Each structure stands twice: as C-alpha cells, then as structure tokens.
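We just call them A, B, C, D and E in the order they show up, numbering each chain from 1.
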C-alpha cells in the first residue's frame, strides 16, 4: 500500500473561496427508486444544504468510486453521512453501521502498528461482504472473503469542514475540552 | 444475509419538507423506445405527479440498481408501480405479476420463520428467470436457477407515503377497519 | 418464454393526456458521427415530430435495450422506423430489412402454432447475426448461431398510435376495407 | 458480411430541412483532458461550425460506436475529420494517417474484386492495432492480429454534404474537371 | 508503439479563437464524494478558471480515458495539475508524485535511446501499480507487474498554453535565461 503523504488532502478543505464561484450550479441526484433529477442551487452553500436535505431521504449524487471514498482519518467520527445519502445506526450486536442504498456497511478499525519491524497507520473503514450482484471490479480481498468498501478514513489530512456534521464536531470538541 | 434494522428507512418517509426545496427540478426520463428526455417540474409534488403520468405509459427515470429496489415490507401491497413505469396484472394462472420494460416479474412471498433454530423475517419480492441478454452482475442464485429481482419488500420501516398508491392505501385501511 | 398477457401494453397507448404535460421537454439525441445534442421542444407532439425529423437522417435518442425493443404484434407493419433513426428497405434477395446505426436487420416471422401439443403465438422480429464487436450481453442464441435483436412485435396489445407511420396505417386500413 | 444496399444512406444527406429545426440545440463535448462541457447553439449550421471549431483542438462529441463509424465510400477523400476531433497527417513512411484522441489510425484500401467467383466492393477504412487497454468488444480480427476501426467508408450512398470538408470537395471537383 | 508525428498536437494549442465561441458553456464536474454538478460559465477563459478553482479541491470533469491522457513532452514540467483535480507532491523517498482521486501516481522518466540499433524518444509518465478494484481494461503491462497510467508526456508537439501553470512556465523560462 502506498503511504498517504501528510497533509495531502489539506488543500481540499473549506471554507470555499466564494469570489469566483458561479451564480448557478446544477446538482444531479438519484432517488431510492433510481429516479434521476437535476436541481438548481445558487452557490456551494446551498448545494451542500440541498445534498443534506435530499440525502436524509436516501438521495445520492453520482457514484461511489470503485474501492470506496477516501477521507482524512480526522473525519472518521464527524463525517456527515447525509451528504452521500447514507444513515448511521447501531445494529443489534451493538456494532456501528451505516445504511447506504439498500446495503449495510460495518465499521472496522485497523489500529496503528508501530514496531521496529512494521509501521502501519490507523485506518477506519466501512465495508460489507460482497454480493453476487456486485460488479466484479468492486470486490476486494481474497476469493474466500470478498468485500466492498464504502469509505476509508486514513491519512493525516485536515478535516474537510464542509463535509462534517456540525453537531458531531461540537460534541467532539466538548469531549476534548471538558 | 444482514438483518435490516427496525425503522431504518423511517427517515426517508414523506411528507417532504418543502421549506428548502428548490423552485425547479429537472426530471430525466426514458421512454419505451429508449427515448431520453428531460422535463422541468416546479417541486417534488409535481415531480411525483409527472413520474406517475409518464410511468403509466412505460416511461422510467434512471435505472433499477443491481439486486433490485428495496422498500419496507409495509408497502408490499400499496406501492405505486407507475412510479417506476411498471404495471400490475394477474397472469392466466392467477399469479400476481408486474410488467416492467418488456419483462414480466412474479410475486414470491417468503413467510416468516420463527423457531428456536431459525429466525427469518417475512419478505415479498418480484423476480423473473434470468435471460441470456441480462448483464452477468444482475443474475442471482445458483448456476442452474438464475433469476433477476425487480424489487424486495422487507424490514419494519414505515411506509413511504409519497411512493404509495392512494387508492390501494384507502382500500387497505377499509379492509383493516370494517 | 413467459407469455405476454392480453392488453398489457394497452395503457401505454396515445392519445397522450395533455392536461398535465409540462411546457418544456428536452430531447437527447445522438447523430451518426456519435454527436450528442439536446433539443428543446414544447410538448410531446413536437417531441415526436422532432424525433421523426432527426430520425430520418439517422439520429437516435437513448439506447436500444439489451434483447431489443418490444411492441404489440399489431404494429409489425405500421411502426414508424424514423422514431428510432432506422430505415426500411428491401434487399437484393427481396427480403424486408431495416438499416439502423450502420447495421442491417432482417425481418423474421414466427407463425402461430396452435395444436393440441403446442401453442405458440405469432411473432415478428428484426434481427441480425452477431458481430465480434457486439457486447457479450446483447448476443442471443446458441454458440454456433449468435444473433442480435433490434425489435420484437408480439402480444395482443393495442397499437400505440403515436409510434405508427400514418401513411402505413392508412394503407393498411384501405387494404382491409376495399 | 451483409451487403450494404445501394443508396441506403442517401436520405441522411443534407441540406437539413430548416423549417422544423428547434431554435436552440445543446451540444455535448469532451476535451482532450476528459473535460465534459455543453455549449448552446442556435441551429444545426452553428452546431456544425462549433463542432469543427472545437474539433480542430481535439474536442469530441459522444463516442465512436463499437466497430467504428460507417460513411459512404464517396466521402473517403472529403470527410471533414475536425467533426470528430481528428486530424489527418502523412507519417514518416508516407502513409495516410489520422490522429484521434491520442491514437494513430492508418488508411487501408480494400480494392474491388469482380470476378466470376468473388464479388467484393471497394472499401476504405482507418484502423490501428489493438492495445491492452482497449475494451474487449472494440477489438476485431483473429487473436494474433487484433485491431480497432475508427471509420469505414463503404457503399454507394451519396456523400453527406454537411460532413464534408469544402476545400477538399473543391479540390476533388477541380481534379475531375480540369 | 506507433511513433507520434512531429507537431501533431500543435493545432490543439491555445490561444483559443474567441470570435466563434458561444456565450454560455456548461461545465460538468464530479466532487470527491462522487457528487455530480454542472456550472455555467461565460466562455473558455472562465471555464479554465473554474476548472482550476474546483480542481484545487479535487473536483474533476469527465473521465481520464483508458491508457491515460497524452500531452506533448514539452509540458512535462509545466502542466497545471489542478485542471484534472490532481495535486503534485514529493513523497518521503523524495520521488515526484501526483495525488488524483484518492490514488498516488509516481513520475517515471524513460530517457531517449539513440543508437544504431534502437531509437526511442524521451517519455515522461505518471503511473501507479494496479489495484484489484481497477477495471480490467485500465491495467497495462505483464500479468506480474500490472500498472495504471494517469498521463504520458511524449512527442514534439508545442505546449498547450491554456493547460500550463503560469508560475511554472515563468520559473522554467527564468532557469533557461539566467
């Protein structure tokens, strides 16, 4: 695995520079019946608000890329799932899970390894077992244990503010500064 | 199979919050000749009305995802098929069937199993035998019995009001409160 | 093969209910060089007129679905081929053929079989031999005789008036009422 | 191979009937970095002018269909390559070639065969050797000599005026009427 | 490998002729969550500015074609990576690298070979090892060493001014004229 260089995602962070943003953006969305629509928003703030609003009812924009999304590790607990039409819940065994487009993904945490022999960074990912109807190139892992990844949180990049859930951020800060 | 957690689809339900909805939505549709068009509607109410109007003549919006749609079990008898360009009928053997984009899907009911050994929830699905021209990743089941699923009704989620057929809902309520 | 129930396609027929039709429709077209354009039309009547006008020069809208289009048998002699950018002709052996996107499809008629042992409905289809560049899932038939279907006319559905060629309909009626 | 009937492409020819053409057309283009844009033009004349203008800088509209484009043989020397974002040149061995989306296609001429035993029409095509990154269904020929076709000029159809290079047409006419 | 003829990409160069450019262009973009939007710009200058502005935050327009982008060798050190949503960095081993859509591509330089036996031009490319989730047709090389190419700089074409980073061009010129 190629190591992700420190701060690489930093420049992708918000706040968005508004001075050059175009007055109209068309946002393309897909509903839970497969319905395809386009909505017109006036700027990126409104785009994010509409993504959240529709996302809470399962609408998505575009496709999750093969191999899953990649975001900085610092967002593992504050990512706003509604932006991708997903929804967090805790399953009956108490495992943190996410519901996205009819599928359930479970949280897995790969702890940091820092020995003389091996150095591996901490990674948090949400994945599920592969299904027969998954396209072949989405399936990862060995033949006996195939899985599909929704999102991987890794690397030292700064959190992308626009993609965070403000309530979770506040909660996190309160926990850190009691 | 991963169990679907109770109430998971609840938040996707209508009524739609109108306060943030954009004034114009473009709905993308495909006709029975493959024709691709976009129609402009003023809000989600009009979007659903236009989907039903076109859907009754076989128009669809977007694609049915691989593995089929997933809706709460409580909608198995009240789903409005016109929203996906489909049409219910009873075949010559008296089986409940749905006609969608040139194909016939039959209703199958998997009853609840609740014994000490095995617990399986009730599921209603509409599926058909696989055809040679079906893309490989749509086909489910063993090599000898391959099939394609249009829709699965499962889980304890609340019915999504906007996707129901009002006449069927009324009929259902009348049967329950005679 | 699943039998197509009587009258199943009936509801897809014109005339189109105009009362709910949106004032603007965008029609997406592909030219014979692969060119992609979108044209704006004011209603479905204009949409069909523009589809015919462009279709006579080989433009198409959307894709022919895998397995080919399916229309009622009653349209086998009156379908307006310009709606899908196709063109009828009789080849040098006197066979009815259709030219569509660089390929020639020949008409095949499967006559009705109605014996004690076997009941098969009459079917008219336009197909061609498969080519190496056809995507695998479009190819039907045995390994030795692979073919690709453009359109199948089958079932007792009523003719879809909007998709017929008025001249052919008039000709047909004149032949039936001499 | 199915013979291409005489005059089959004749009806696709220009001049375009202007009376029914819509006032606005959106042309969808892809740049050499993969960039996707849509430009608005007022009619088909402007569409063709914009296609040439962008095409000279490598922009394309839509995709070349699998198996390549098919145009009448009479256009083999007058086709305007800018319409598909391509560019003619003569390589260092003096072979007529075309540069299209990062690939070089060479001209091959299959002369007419007209003997008692065999009748084959004259064909001009531009093709290149297949590459590992070509999708499987684009590759033609035997396992040992796989190739990809950009365009085939064949059949007796009349030249499509709108797709010709006016300078080449003038040059051709001067050569024929000295 | 087919040699790229001298100056072949020359005509694709800027400055863009403004006289025929349409007043409105719609630019289609994809965000790092997969989000699909369309923004309206008034001309190609604004299009490039918006591509850079969004690209710095990881937005891309369209897809990298299979086999990767191809640009003239003269741009290997001055290409503006923000135009494709990529970002340059030097990894911990001091290797020049590029970050694009969650993947890291390393710079490889194939020096010119000019002996009696063999003539190979200088090539600069950015590639990475193939991953299981890469679609098969993107993978190049032998079974044991599969890789995916983002971009290849090769051939004697003139640099495309519009796609360069002005700061790097200035820096390069300063180095050449001290």
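In this section, a contact is a pair of C-beta atoms (placed from the backbone, for glycine too) under 8 Å apart; a residue touches a chain by one contact, two chains touch by 3 or more.
As the structure is a prediction and not an experimental result, all values here were calculated from the model.
When chain B touches chain C, do the two copies use mostly the same residue numbers, with over half shared, or different ones?
different
Round to the nearest whole Å and give the separation of the Cα centres of chain A and chain D.
Each chain reduced to its C-alpha mean, chain A and chain D end up 44 Å apart.
Just how far, in Å, is the C-alpha centre of chain E from the one of chain A?
Here the centre of chain E sits 27 Å away from the centre of chain A.
Of all residues in chain C, which are in touch with two or more distinct other chains?
26, 38
So that chain A leads and chain E is second, what is the order of every chain round the ring?
Traversing the ring with chain A first and chain E second gives A, E, D, C, B.
Of all residues in chain E, which touch chain A in the complex?
26, 30-41, 49-50, 53, 56-58, 87, 89, 91-92, 97, 99, 101-102, 104, 128-129, 131-136
With touch defined as at the start, can you tell me which chain A residues reach chain E in the complex?
Listed in rising order, the residues are 2-5, 8-9, 11-13, 16-17, 20-28, 38, 47, 51, 60-67, 69-71, 83-84, 137-141, 163.
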